[in-house]
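Below: a set of structures, written as structure tokens.
Next, two complexes with chain A in common: one pairs it with chain B, the other with chain C.
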Partner chain A sequence: MLRQGGTAFILPMMVMMVLCFLAPLGVLAVASITGPDGQVSLANYRQFLDDSFAVGVLWNTIFLGLKVVAAVTLLGVPIALMYWHAGPRWRTLILIATLLPMLTSNVVRTFAWIVILGRNGPISQSMVELGLSPRPFSLLFTETGLIMALTQIELPLLVLPIIAVLATADRRLVDAAEMLGAARWRCFLTVLLPMMTPAIFAGWVLVFASATTSFVTHSVIGGARLIYMPQFVYREVGILFQWPMAAAISFLLLVSTGAVMIALTLLARHRRLAACA
Partner chain B sequence: MTLLSRSEVPAAQAQDRAPLQNTDSATAPVSLSQAGLVLRRISHSFSGTPALRDVGFDVGAGQVVALLGPSGCGKSTLLRAIAGLLVPDRGEIFLDGQNLMSIPARKRSIGMVFQNYALFPHLTVAENVAYGLISHRRPRAEVNARVSEMLRLVRLEDYARRLPRELSGGQQQRVAVARALAVSPAALLLDEPFGALDRALRTELQDEFVRMQADVGITTIMVTHDQEEAQTVADTLVVMNAGRVEQVGSPEDIYDRPASLFVNRFMGHANCFSAKVTGAHTAALAAGPTVTSARGFAFRPGSDVILTARPEHVRLVAQNDAGAISAKWVRAAPLAHMLSVDLITPDGTLIKALVNRHDGPRYAPGDAVGILLDTQNLHVFPAASKT
Partner chain C sequence: MRDLRERLLDASYWLFVLGFGGFALFYMIAPIGIAVLMSFTDGATLRFPPQGYSLRWYRALIDPMQSSQIHIAAWNSLSIAAWTTLGAALVAAPAAYGLSRMRARSATALEPVLLSPLVLPSLVYALAALLVISNLGLSPAYGFVVAGHIVVFAPLMYRTSLAVAQQIDPSLAEASTTLGAGRVRTFARVTMPALVPGVLAGGFLVFMQSMDNVSVTLFLADPRTTVLPLRMFAMIEESLDARVGAISGLLIAATILTLIIVQRLVPFVRRR
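After this line comes the complex of A and B, so read on.
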């Protein structure tokens, strides 16, 4: 498997992966196809897919992931471009500012967002002061608020891979485009963007996976009215004690988010994109 | 090209006059109809460190000029300034009579071949060549025709659909040239275009480039640190050192009549001897013997000078011959029909000599020999001029 007896060195890791990851996944898979009478059946899946509310939650979760990916991209790509154009001092500053949210606990960040999104928070207040809103409003327990919070929290997952690519990218490619008469937008679209694309795809996979499974943020900012898959699973497990059902839902979540991620990964393997990496 | 004619001037005088002439060329007025590239008094510094100091010279239309110098001499900075990728602090650049200083790089109509070529990795060979044409919004049919024409020029028709990383280094270099020439620029800049290639391929591509350049007839400026490459490819050399132009001239001119000790030592090997001028035609070498030059030294008697002689202007004689500098034979290596000999004088100076392999006796390492300098071909520089 590995050259020169390297297998012995990865054995502990493999044992851990099998015991702590593959085995539980197997248990989950078996549980999900176990009917109420202990027989093998797809009843759990059928029940979930027949329930329009449940399927709605699944779609909402996927859409939430896509919306967060879009928001993170709109915010993250300009930050990465700022990094590209910045001098060494600004580069460090941008890097630290990007990393900083990752150094805070997810729970703490989420609670900070409660303050920001609340009726007396800075967003609501400044909208009122600017005359853009007649009265204070709360973004808590709304999808907009949730997307804002998730976007800030997941931003580094997109920006860091792009910065890693740009830090070692060949600046002469942009010079070459300029010498060939390309204006700024053409430079960006035909040179910088293709260069960044593999990193953007990698970032999308991370952001999507993280945004669709972020139980704490979903439940604290989204509240009880906005239900996404993680909370749905939690309800089955902790409140209804329908473990086989929870296992089936978990698998559906795994498959649906996994499909998106595999699609992106395959796209990044395209001959032309691979040439940029 | 306003070449500095100094064919009749002894080296020492040429040395005195060279800076003056460069300044002349650097400040001379530019007539609007002047074809080719004209550079005037370009200065630039990077955070206080000067990189270019009052650089100025002319490149005639259709000529190939090589900027030559050690790394850090400012040649790449100058190339970027001409390209428009860098705005120099001071100075002016004219291309075919048009002042380029207020024109951005993408509108200068200058093609550039970068070091390591900077081909777009995600575009095919044909798309790379088409890039500039599409930037200039040429019609699709014209783009296709021009791309085929360029690929034929660099003999890569069969590689149109390949990605750059699927090509060899030499093929990549040719794609880079085709891409730069596709938009029919008014001038072509090359930054160490052959630097990344192995020796055999380099020679082949240099020959091919010379042929192609002659066909296309485009004004070309090339940066290189390889003096052999510069001599092979260029009509005119611009030798730079520490941000200044040391000398402008034809390859032969620069080799035979170096304007400074730096140029003398940078272009080929120069054996240096400290000496003191004793009369109009005589100088006493620090190593002992007196040298007599029919051309004269053009230095006041008593001046400390440095005499230089090319290896081919050093003759080996018996140790006790009149006027010979005594030295020890260190080693010899055959070089075609010549023998490259390393010698060392008693004061530790290393001397290189290039002698006919079949002339004179063979010596063994450690043998004492005498050195005679060919006084017709000596160069004289003030002792203060180091490097």
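After this line comes the complex of A and C, so read on.
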């Protein structure tokens, strides 16, 4: 009886998601393939793909996402390993150190990065004091600066899923490997990493989705010269009122980020199958 | 010889974990500290470290004459976040419960629909929603902002509630119905209280995310409704107003406080 009862409880949210989330996206899809005369046409997409500037923006956005994913992985995996080796007190500290930046407002974190990357910020000043740079410099409005900021902002999205897996993982597996004489790296590569892999892939999807669409960080740290897809969409609607074009652009954003995410998910499934075999 | 190589390898592992991990941990948390220190500067520029410390920007922020616009924006943000949290709890907590009581196969088929807003860019959704609203001959308004936030953030509530719902023993509800309580009464008196920790954790996440959201509000709010993150965004873009530092300080303090309270009530990561 309860099993059937489940449906009634899901219904409101299901209806809401279909009517208020998927349906509008459908309307947007239709708008994107509507030509100026109301006929079905791919003119908007053709116009976008013929425009080398626009295509460049799309590629830059995807590469930005991939670069951030790489940087986040490089920093996130050691944090997770630290968590694994730590005792209960340190584990709590690492967990809080991960949750706090994640829950802190995005605008606040972006503001902090303006201070850090600016001409009078700690990076520029310490480089000058160490004699590595002749004069103060600003990393604001550069892609390097943007990647540095996004890496810090998205790091918790990767670390948290891994930590969640490690927190409930069976320590005896690793203990067994150690007792059998496996060296540290080998333990990591053959026992810990396979255990972490599903969480890493899940984290990658979140990081990529967030890094390619964080409008505020892009426009504040990237400035007016570095344009990524979200600003491109906003410009078409908010300033130029080009609805069909904006719809086409946002659909390309959706499809291209979606493709990367599906690729990552498939990779994850493949790896899991391989692990089972 | 081989022994030495192995020991060097092990040492490089610890260097990787402690050295790199330590740096990464610092990298992740330091900007928060910098934002807090910055909020106490007594200068008008964003030089770090500040030359002197004062409460000058906090005073400017509290002053109702100077900062009335910020106060209005903050009030709007808080009320939108409160309505969003309530709405998300009303749809997502029952959904999580319902799904946890379904067969695994139908659950995996339905779940992607419920979770889709988490991975699809909210900016694209906001654009789509605005298109529908204007096609219906309506114009952006406060109510649409709340509705948009509920749609985008309800999945967060759903996920935390689901984690709790899966732990609830089904025999509890069965006992209640056997003793003669109706389905509604069972849900209200037995199931709902058990779901509370998940709803609290979810409510916290939804509230924070709603307070922080820019893209949905940007498209769906009428021009007169301004919210805190958009106001801060404008202050940063226009003049690098140092009051942004003070707002940041207050937001961080509020985050830490609620994080401690919620972590006490419902640990985000369950220990074994």
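As a convention for this text, the second predicted complex is superposed on the first by the 267 of 277 C-alpha atoms of A that agree within 3 Å, B and C clash if a C-alpha of one lies under 4 Å from a C-alpha of the other, contacts with A are read in each partner's own complex, and residues count from 1 in each chain.
The rule we apply is simple: contacts are C-beta pairs under 8 Å (C-beta built on N, C-alpha and C of every residue); 3 or more make two chains touch, one makes a residue touch a chain.
None of these values were measured; they are calculated from a predicted model.
**Student:** Could you tell me if A:L173 is touching chain B, chain C, both of them or neither one (first, second, both, neither)?
**Tutor:** first
**Student:** Looking at the overlay, what does A:A8 touch: chain B (first), chain C (second), both, or neither?
**Tutor:** So A:A8 only meets chain C here.
**Student:** Would you mind checking which one, chain B or chain C, touches more residues on chain A?
**Tutor:** Looking at chain B versus chain C, the one contacting more residues of chain A is C.
**Student:** When the two structures are overlaid on chain A, which partner does A:M127 contact: first (chain B), second (chain C), both, or neither?
**Tutor:** In the superposition, A:M127 touches no partner, neither chain B nor chain C.
**Student:** With both complexes superposed on chain A, which partner does A:A70 reach: first (chain B), second (chain C), both or neither?
**Tutor:** In the superposition, A:A70 touches no partner, neither chain B nor chain C.
**Student:** With both complexes superposed on chain A, which partner does A:L155 reach: first (chain B), second (chain C), both or neither?
**Tutor:** second
**Student:** Under the stated touch criterion, which partner chain does A:T190 make contact with: chain B (first), chain C (second), both, or neither?
**Tutor:** first
**Student:** Touch test for A:A43: chain B only (first), chain C only (second), both, or neither?
**Tutor:** In the superposition, A:A43 contacts neither chain B nor chain C.
**Student:** For chain A, which residues belong to both interfaces, chain B and chain C?
**Tutor:** 183.
**Student:** Which residues of chain A touch chain B in their complex?
**Tutor:** Result: residues 170, 172-173, 175-183, 186, 190-191, 194-195, 271-273, 275-276 of chain A touch chain B.
**Student:** Which bits of chain C are touching chain A when the two form their complex?
**Tutor:** By the definition above, chain C touches chain A via 6, 9-10, 12-14, 16-18, 20-25, 27-29, 31-32, 34-35, 38, 45-49, 90-92, 94-95, 97-103, 110, 113-114, 116-125, 127-132, 135, 147, 150-151, 154, 158, 170, 173-174, 177, 183, 187, 205, 208, 211-212, 214-215, 218-219, 229, 232-233, 236-237, 240, 244-245, 247-248, 251-252, 255-256, 259, 263, 268-272.
**Student:** Can you check the complex and tell me which residues of chain A touch chain C?
**Tutor:** 1-3, 5-14, 16-18, 20-25, 27-28, 31, 74-76, 78-79, 81-82, 85, 88, 91, 94-101, 103-116, 118, 120-122, 125, 151-152, 155-156, 159-160, 163-164, 167-168, 183-185, 188, 205-206, 209, 212-213, 215-216, 219-220, 230, 233-234, 237-238, 243, 246-247, 250-251, 253-254, 257-258, 261
**Student:** Give the list of chain B residues in touch with chain A in this complex.
**Tutor:** 83, 85, 104-107, 110-112, 114-116, 118-123, 131-132, 135-136, 163-165, 179-180, 183
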